[in-house]
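What follows is one structure encoded as structure tokens, with my remarks underneath.
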Amino acid sequence: MLKECWENVQKAAPLVHNITNYVTVNDVANVLLACGGSPIMSDEPEDVEDITSICGGLNINIGTLCKSSIEGMFRAGKKANELGHPVLLDPVGAGASKLRTDTANRLVEEVKFAVIRGNISEIKTIANGSGTTKGVDADVADAVMEENLPSAVQFAKNLAERLDTVIAITGAIDIVADKDTAYVIRNGRPEMGRITGTGCQLSGLCTAYVVANPGHTLEAAATAVTLMGVAGEIGWSHMHALDGNSTYRNRIIDAICHMDGDILESWAKIEKM
Amino acid sequence: MLKECWENVQKAAPLVHNITNYVTVNDVANVLLACGGSPIMSDEPEDVEDITSICGGLNINIGTLCKSSIEGMFRAGKKANELGHPVLLDPVGAGASKLRTDTANRLVEEVKFAVIRGNISEIKTIANGSGTTKGVDADVADAVMEENLPSAVQFAKNLAERLDTVIAITGAIDIVADKDTAYVIRNGRPEMGRITGTGCQLSGLCTAYVVANPGHTLEAAATAVTLMGVAGEIGWSHMHALDGNSTYRNRIIDAICHMDGDILESWAKIEKM
Amino acid sequence: MLKECWENVQKAAPLVHNITNYVTVNDVANVLLACGGSPIMSDEPEDVEDITSICGGLNINIGTLCKSSIEGMFRAGKKANELGHPVLLDPVGAGASKLRTDTANRLVEEVKFAVIRGNISEIKTIANGSGTTKGVDADVADAVMEENLPSAVQFAKNLAERLDTVIAITGAIDIVADKDTAYVIRNGRPEMGRITGTGCQLSGLCTAYVVANPGHTLEAAATAVTLMGVAGEIGWSHMHALDGNSTYRNRIIDAICHMDGDILESWAKIEKM
């Protein structure tokens, strides 16, 4: 599965439309190029329908929303739906402010998402319609750990069924689920949390993978999540004594650039549940 | 002092709300993560009050202001004041345009700042209500040097008294002053001027330090300024022959990531005046 | 020519006003600092006239336009024209959406550009008033190759004459032309296409070079294009086995930081046609 999904991205070179935050946008663009895809960014309401029409899929990230980009998200999302392009939602900070929570909820109501990817606090906010996210990081109390993994997997499957989408919850342990099947992924490194935007980058990757693997959204999303975790581990293995989070950021994107399907499979810690 | 302030940031892991420019925002986020804090960015007027409420402090940087983000600055600043959160102003380019000068002046009138940090030209603009800044860099004619240091220190103390704040003037020699006491810091490297955003990064750090050291704003700000200078020196010491400003940017953030209180104290060149 | 143009940038340290996209803006700022210039970013309509007045030239890049920044482009462009400052247009994605195509066309009508720099698909869109650009990358069908080079050179000269500007078409082979003379440049590496924003960076460089070489716009633009290509080759020669596109990005900017006129001349593959 992993190798096949990876190869399909190399063949398809998917063009991904991103409406994303201005904090991590450059890394999202470079990681899309690193993985074999191609990025285009546009959030102006009058521009987004044309742009999304020439792309294969749409990545909506609410990390730094403003009134104009919110309108852009709805217009682009609906257009992508019309065209049958997969759309991903990254509800950054849902639960941390009314505007973010409301925007995420309204997006889920009005746009059909192929994948919703966030940390556990954000996904719980989506599930409950409200939340108490502490900033853009997951609340420690919510964290997915071995002890609560079965219930977290069931939560993901239930939400996937209710919203008819794939749910990707990322953290120390990642869960990618549709209503019937979940993949649990134990790749990645805790130090990735000290780099801004690894989640945003993953959302970009995930969109590219879903575009390039039509009919296999669950597998594609799980592969992208595995890829990001593996790249975090490989990137870490290339760190020198004095390297810190800024160099680590480069090392992860470099590792995605040098990935191949066999490397990905040999590092993967993924199981079906 | 330096070590204690540094340790308090590690313990508190302060969450900092940043309304900052889109040029250097990614580096501001990564430097906050490197120093042991946590960043969140939001400038939409309808989002900022909620976001600043869950944070410990607010960093306002006018580097690329627009009408909407200006409104966000006022709303967030007033809310943070209400909640007793420290607020920092980085008046990027004050003196270079009417809009920047006016916005900085209005912010100083309507929002209570714990710290105002800028280069000498920007701080003079704040002091005079007008200025003639050449772009976003300090005017050479204004530069703080050994010859004019006593008068610059007095200027900083006077302004700190008048505005009831801590004034941080950074350049080849840095001054951090309240009405009674100034710290003069001689760390840093001239090559830092060839990286965009080292000042913006410092403003992020400074906010985190002030949040984590309540009741010690002056010492916290002086520690942050020292930290940035020391990181500039340590980062430089890790440069190879072919490395340039882009790698130096990574090296500085990496050095902050690897800092500890003892290293900071051993490299510091700080004196009280 | 190359050495002289390079030296003039070191002497003049040109201050460049950039209205550019939020994806690659940080790299544009760092590359301007690397080359010996100085950047300032501002797109708010009420700010841009003041900012452009204190600069030497203006770089307009439509990579992520919004209504407000479009207004900023026109106001800044007209002000720069009034002041006799050179203005460069980078029509990112012209042909990919109606808004981008229309904005680029209107800018060309209402603002006098010293240089228009883009990939072949974007420049064809400018020439035809419409286009079918695939995202932000050039269409393969349009690519300038040895076979169609003479006709591409003639196309560039004709367009330069019609619009009374210098046309820079960049790709595997670069063409920089005014109505009479074209420079053909064969520097650079295909791997540069896997880094976001090398084109945007070049537009920043190009503006700095034109500012610092008054009366020699064609030569200055050709030198900047050569510089970017040479930096791409030198940066590549410094790559290690595990380095990918993220490190390559740093290596290219580092190479510009370490450039000198003799190195530039010895690596250049430039011919007059």
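A, B and C are the chain letters, set down in written order, and residue numbers restart from 1 in every chain.
Basically, a residue touches a chain if its C-beta (ideal position, glycine included) is under 8 Å from a C-beta of that chain, and two chains touch if they have at least 3 such contacts.
Treat the numbers as computed from the prediction; the structure is a model and nothing was measured.
In terms of the stated touch criterion, the partners common to subunit A and subunit B are C, listed by label. Copies subunit B and subunit C of the same sequence differ in orientation by 120 degrees, per CA superposition (steps of 5). Note on chain placement: the centre of subunit A and the centre of subunit C lie 33 Å apart, centres being C-alpha means. The set of subunit A residues touching two or more other chains comprises 22, 26, 249-250. On the side of subunit B, the complex with subunit A involves touching residues 15, 22, 25-26, 29-30, 33-34, 38-44, 46-47, 50-51, 54-55, 68, 238, 249-258. Of all the residues in subunit A, the ones that touch subunit B in their complex are 21-24, 26-27, 63-67, 93, 96-100, 134-137, 193-197, 242-247, 249-250.
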